[in-house]
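Several structures are given next for inspection.
You will see chain A twice below: alongside chain B first, and alongside chain C after that.
And now, the complex of A and B:
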């Protein structure tokens, strides 16, 4: 029975990992750009949500506003700085985005201090749901439902809308899109901002579960990369499947081999790299 | 057009300017500045503790400068919480800066490594880290420890709870898998066995873990009466936050064996902490003259009350400075001789450096978090419900100093 509980818990965890990683995956798919600042946008989203709630704003309002602010910050950063380095080798992408991540992290410490804080779950989602021996927080159940709905909306947006078609075509060939008259610079900015905004949304969504602390972005980035590598860089479905897979493995391992729970995630990633270098759903 | 004289003067001026850092450094080294290295994690998961430790050391240095009329300077060394980095920073500080006094180390693993390095490098090191081994089987002449080790922390935090809750028969532990966690877990097993109580399960986790829902699910499945949390700092805050969200506070007694103190309460908030027990090395309301002075100094400098990280670093730095002043030198053997057997007015009352293992003998506290409505001021998060001293006899520590 415990294993069943751990699988259910792992699915919940995996949905959060999906939300965290999907923005990173989309950005890589379109821009072929390795964004090491992704964890910092998650951090910023969490802290902005925390700050707005502390100022008395409803959590339901604070979370989307925080994500929107993160998207704007990311969009401006892309337009002013990042688009100048797209054509350079990946090492430059890493250097610049690590610099941005450190800047945001230090800014968070200056603005909110080094201690971190807690965000209360919104009214109505406090407490737990009990099924026999299984106890699960209401807020975690909400995050599963919320992320599932968001995943469907994202899928629809990517597969069934004109913007989604442009993004998918852009990930095949930016040059062809430019030849067809599309403003690829603007598309890049919008996609980058949306990807970072999703990370910000994940930060806000996670804040009642994990609280906020200045170094949460580092851990989030490592999980996001694991999910993207396993799922396949640029693959939406890959991010979803890999997110759930990582969550379930981590949760199950807490029962089977607790001290190796985190290690197993990285072993899984290494195995995928060896056996399927492009990930589970990566394109050739 | 620039003349030859002006060119020569400019060149000389530029040369002097470029050389000035070296000259200034030399002048500084030649002066009578007492240097204390503060090797603590300033980045990484325990950076908040490191930041407060740095603040506490600065207070001790300023206090000593005023008291002794000799400039005392602290040098922050970012260990990142990693033993290898910590050792490298201590080596560099000894070789390049000539520092022989070190006060720091938040994690036991880094403290064990730094203590050995200080011993080898002709320096002395004092720490607040908890593993019994530091002043036990892995003790050395150059390593001192202010905090109560894991044995005493467990004895002082869980024995009063066992006495107060006779029906709490089943215990579950969540333990970080490194020397500190192992020490706490072993001490817990010993006490529970002695009292005829059952440890129904334990979940180990790595030092980088942030997600504890899987471990909490394990704990719930065993239906314990008490959940004993044996990790520290940010991980402890994450565990507690998630345990409360899983409704464990309503189903069992939650005990944190080694809380990081006021900063932990501030980060978690009163509502979340209410009713939870916390073992603590220090609390800012301790009634002692030395603590009253520290509270005054901290409020004056930082406009806040001291927490454990700040207070621990303050007293460790102060002990090192006082010993060097008493010895009239920073020489390794002279400072050791001054520290060994020292009895002084400490933050927790009279404290004593046990000469046989370099362990400071001091009180440990058990706190119970108050309801928010019962707090008298913004830092009145908990009441001290018991205090006392539990230390292994020297013969049982495994330390072979004497």
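And now, the complex of A and C:
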């Protein structure tokens, strides 16, 4: 029973990791751009949700609004700053996005203080469900369902819509897309904003579970990197599978060897890289 | 090659820095820190500037070095010189492993791998707290005692750091000038061609990692002795990030550039953090500005100024000759 509990926890955690990583992965696929500010967008999403809930807004409204604000902030940043540096070597992508991440993190501390806070689970989802022996927090079940639906919507958007087709084609060759007359600059902005918005949504979604604190972004960033490295850059399926894998491993290890739970993720990652350098679903 | 980039001049500048720091800085600890980070940034530059590898894992070696100092000086009473050698060797060994695994991928993938490894080692240190002290770190790391009593005065330890810095800096300069160093540059500029000519590219990259890791671990041991603590923070992702930032701010066209980068970072951090605890906000903005306007770093700026004044001199001489 404890194992079932942990596996469920792990899937919930893994779906959140997926949400975090998929934006990073798609941004990379399209723009060949590593975004070290991705964790900061997650941080911002969590804090905006926290702030709006503190002001008395319903969680159901606060979470999407927070994600939307994050998307707008990211979109503006992309349009004003990032598109100027795509042509520079990766060193400068990293420098700029690390700079943005530092800026957002310090801004969060200035605005909301260094201590962090907690967010109450929304009405109707606090408490637990009880099915016989099985007891599980309602909110966590909700996150699993919510992210699963979101994952399906995302899949549909990527595979079945025009924008999705454009994004996938753009990942193959931005130049060809530009030659075909697509406004690649605008597409880049939209995709970047959407990826960051997803990270912000993940931050909002996770806030009732783990609370908010100013350094949650750093941790999230490295987890997102691990998921992307294991799953393969630019791969939606990879992000999903690797996200759940990492989540489940972390949760199971938490009962077997609590101190080493996070260590095991990185050891697992290292071994996968050694055996499959491109990740599970990475392309050549 | 510009005069200021010639190896002898570079070493002269390093020597000048060692002599100048005590004149400008009141704190021997800060001065020692500047030199330690200068050394480590130069080691990072060996990878970034000379081999074209952006390593987000330098904190691994730095942290390991400080743990070696912490563990063997406090628990086993191993002599300092031996501890420094052990730190250096362990740094080289782990860097070989991390480097060899990371260079299986290139570009961004490589960067992410080094970042992931830095997390791996952070959690190793965090998990095995019997060995590392976990969150608390290792306390009471002594400074070396070279016969004249322990170096309680930070300035006497500064001399020890300065000598280490000059020797290792000279060795790294030598390495960049050697056939080995030139091959690294060939690998950086065109890896496929270097491989086609028949250079074992991976071995060269791994060797660069080993040297960089060895020097960085040595620096980590010095830092632990300086502060008296080997904290978990030394092996954290932030340390790697800071080393990288110093290196990029300095520029990657010469080894001394990293000394400038580290000194600028450390001294500004010291001043700004006393004025405003949230100074990292400004650092964030500064990084964006460096990427937009100062891509060759502070050293690039110095090079530009040098050329400007140098050429001005030349034109003056010409005019005088005409008269």
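Basically, the second predicted complex is superposed on the first by the 279 of 284 C-alpha atoms of A that agree within 3 Å, B and C clash if a C-alpha of one lies under 4 Å from a C-alpha of the other, contacts with A are read in each partner's own complex, and residues count from 1 in each chain.
Simple rule for what comes next: contacts are C-beta pairs under 8 Å (C-beta built on N, C-alpha and C of every residue); 3 or more make two chains touch, one makes a residue touch a chain.
It should be emphasised that the depicted structure is a prediction, and the values quoted were computed from it without experimental measurement.
Once both complexes are superposed on chain A, the partners chain B and chain C clash.
Residue contacts after overlaying the shared chain place A:57 against neither chain B nor chain C. Judged by the touch definition given at the top, the superposed model places A:6 against chain B, while chain C stays out of reach.
In the superposed pair of complexes, A:259 makes contact with chain B and with chain C alike. Shared-chain residue A:100: touches chain C; no touch with chain B.
Residue contacts after overlaying the shared chain place A:210 against chain B, while chain C stays out of touching range.
Residue contacts after overlaying the shared chain place A:79 against neither chain B nor chain C. Look at A:65: by the touch rule set out above, it reaches neither chain B nor chain C. After superposing the two complexes on chain A, the stretch of chain B that clashes with chain C is 76-84, out of 4-12, 58-66, 76-84 or 346-354. When both complexes are aligned on chain A by C-alpha atoms, chain A residues 259, 262-263 touch chain B in the first and chain C in the second. Note for the complex: chain B touches chain A at residues 43-45, 47-48, 51, 177, 203-206, 208-211, 213-215, 217-218, 220-221, 234, 237-238, 241-242, 245-247, 251, 263, 266-269, 271-272.
Taken together, the chain C residues at the contact with chain A in this complex read 48, 54, 101, 104-105, 107-109, 111-113, 115-117, 119-120, 123-124, 126-127, 129, 237-238, 241, 244-245, 248, 278, 280-281, 283-288, 290-292, 295.
Partner chain C is touched in their complex by these residues of chain A: 28, 32, 34, 81, 84-85, 88, 90-92, 94-96, 98-107, 109-110, 218, 222, 225-226, 228-229, 233, 259-260, 262-263, 266-267, 269-270, 273-274, 277.
The residues of chain A lying in touch with chain B in their complex are 1-2, 5-6, 9-10, 12-13, 114-118, 120-121, 127-128, 133, 135-137, 139-140, 208-211, 213-216, 219, 250-255, 258-259, 261-263.
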